[in-house]
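Quick one: this structure, given as structure tokens, is what I'll be asking you about.
Labels run A, B, C and D following the written order; every chain starts at residue 1.
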Amino acid sequence: MSRIKNWLIAMGSPPHFYKWATSSLPWLAGLAVIVFCVGLTWGIGFSPTDYKQGDVYRIIYIHVPSAILAESIYIFMAISGFISMVWRAKIAGMLINSAAPIGAGFTLVALLTGSIWGKPTWGTWWVWDARLTSTLILFFLYAAIIGLHSSIENKTKGDRAVAILAVLGVVIVPIIKKSVDWWQTLHQPSTFTLTSSPSMSPEMYLPLLVCVLGFYCLFIFMLTNSLRGEIISRERDKSWVKKQFFKY
Amino acid sequence: MTNRDNTLDWFMLVLRRDLTLSFRRSATYITPLIFFLIVVTFFPLALGPSQSLLGSLAAGIIWISALLSSLLAVEGIFSEDYRDGTLDQYFVSSEPVFILIFAKVLCHWLVCGAPIILASILSSIFLYLPSGALFALIISLLLGTLFMSLLGALGAALALGKSAILSAIIVLPFSIPTLLMGTAIMSAAVNQQDYSGFLSIMGAMLAVGIPGLCLLTVEAILLNYE
Amino acid sequence: MSNILKVKNLNCRRSGEEVLQGLSFTLEAGKNLEIIGSNGSGKTTVLRSLLGFVNDHDGGVYWNDSEVSSTFQEGDVSCFYQGHQIAVKPLLTTYENLKFSSSGFNSSLEEITLIAKKIGLKHFLNRQSSSLSAGQKKRIAIGRWLLKDFNLYMIDEPFTALDDEGIELIEDIVRELNNKGASFLITGHRPSGLNSNKIYLDVKNDK
Amino acid sequence: MLDSLQLLFIMDGKGPYVWACLLILIIVIFINLIIPVIRLKRIYREETLEE
């Protein structure tokens, strides 16, 4: 237990994290690429065709993991926001800043793929369905966080401002989801969902699980990669960066 | 000093400088864009997701949202340069102020208006705008947002050093003709009628507005220096 | 020697209240003048009145031996003004801050690199100015004086926020520009080591 | 083999939808990966230019 704690504390210091990130990036990349490719190839290439929607349902292997990631990255940001507010950990603040564009990217993928999926299934690019609407609002929350951070010149101050917003967001997001559901039932009682059959067969379900896992691995890789850049650009004047990164 | 080559250099310098500054601070072009999309999203939330209802209101919704969001960043056109002394130095140098103003307006339009036009294509899908009217939407917004940037610069110059919302309030009443022309174009396009007449009126407004409004803005800016 | 600027009996007001009365001086080409006074003595107001940024003043202002009194206008003299706010953008690099200034748009990369070397910022040429100290930013502002040959430099408190080396730098540059025939009109809290005429202003305490 | 690949590509006419989604995913991931790298390159260039 204390070893984990010590490790976590050590990771909180930028030079230590930078060293760890540089040495483990290839491994993370390899793992992410393997799981990601296996999941997607299995899902798109080899899983059985859905009897109702046909082959277009295969978008699920891109859409659902992206949507899951979109939400979990937000929760992740809120947790690191909380940590940075309570313990003032430097890395936690940078984590929010590095995770936000990635989260926004996956939210965008979820939105666009949902929209592309909607065209053959509903006959229109966009439907104000509860799930799509709350994902759109999530995208705006991401945009708010990115915008706020980029408009504050002092990066440490920006971290703290963004942490507050992330923590507030995690309280608000469930309320938004509930209210959008309520708004949806108010306007049109019969909702149609994209994931048509409630009980999927294991041949369809298993690749989806692998895909979700692969997306998570990919996220960890992307986050480490981007955090590394963030650390260097923030600490470029520190002596350890000069030694380790610029090599003089 | 002010031969033609130099004037062009001067124009390009201000434009490049302002664009560099805008791109370094991503909030300047993201904020109006996201504001636009959020406002557009609020209409289905408030009115309900019915396709036929939204489709008939789409053009108006998009136009109002575009007007509001193009005024969002307008205060920043001059305020930062005014506060940190850049305008002082530019005015003392013998380069023409008119060119400076025009470059700044153009930069505001490129950074703020052009992304809104792209977002309006997206929101035309959100709001089920009849697809035949999409071209009319783009072309009318192209002219409309440029006019709004010109008007906004004037408002920003008049309200220089005062509250940010003031410049928007000053400008909004004067944007009514643009709004009317824009929505006229849109309703003609939705009903598949000829809208070239409205379009040329708008073009004429712009042709008068670019030199006219820039000159007024020069006057308004120099007011702060007397 | 021709007079670049002659001021006769200038009275300046700030928001309607008189801050200084009866200021007279002449400034010859290649010479310097310092206006020295404490806070609120109207140093900045004098500069801004001469440039026409504040128009609440009366008295005679004659540019370039002109017979007619007028505030600064395009074409009178080529003038460079630097106020309290030194117009250095934190988001631009040192190079861009020099290049995108009112005087730098005709300068080449080599010229700007040379200037950056002179002001001791060569190593920061491609670095955004947000990471520079107040003194280094001030050096960028000083670098702008060298971008173009002006007849007259009006500099509001050039010596604040500078270390001894920076003060020496200014003195060197002023001397160099004086030799080219440029004049300096400088304000400050205390007299500097520059070779110049000095005018002392008092705070008006009429209450 | 080639036939089955072609079948996979066309997917009963729904292929373009699926492949467009994949393309979007890859583009977004690529952009997110390349931005930190470009940033590091820029910083490196700035620091080494200072000689």
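Here is the rule we use: a contact is a pair of C-beta atoms (placed from the backbone, for glycine too) under 8 Å apart; a residue touches a chain by one contact, two chains touch by 3 or more.
None of the values given here were measured: they were computed from a predicted structure.
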Please name the chain that ends up farthest from chain A once chain centres are defined by their CA atoms averaged. C
Chain nearest the global centroid, as defined over all protein CA atoms shown: B
Could you state the distance in Å from the CA-based centre of chain C to that of chain D? 53
Taking each chain's centre as the mean position of its Cα atoms, how many Å separate chain B from chain D? 34
Go ahead and note the Å separation of the Cα centroids belonging to chain A and chain D. 17
Distance in whole angstrom between the CA centres of chain B and chain C is 37
Touching two or more other chains - residues of chain A: 236
Which residues of chain A touch chain D in the complex? 40, 44-45, 54-56, 58-59, 62-63, 66, 98, 101-102, 105-106, 108-109, 112-113, 116-117, 119-120, 218, 222, 225-226, 228-230, 232-233, 236, 245-246
Can you name the residues of chain D that touch chain A in the complex? 8, 11-12, 14-15, 17-18, 20-22, 24-25, 28-29, 31-33, 35-37, 39-40, 43-44, 47-48
Chain C-facing residues of chain B, complex: 6, 9-10, 13, 16-17, 20-21, 24-25, 81, 83-86, 88-95, 225-226
Quick one: in the complex, what on chain C touches chain A? 90, 130-131
Please name which positions on chain A make contact with chain B in the complex. 115, 124-129, 133, 136-137, 140, 143-144, 146-148, 150-151, 183-184, 186-188
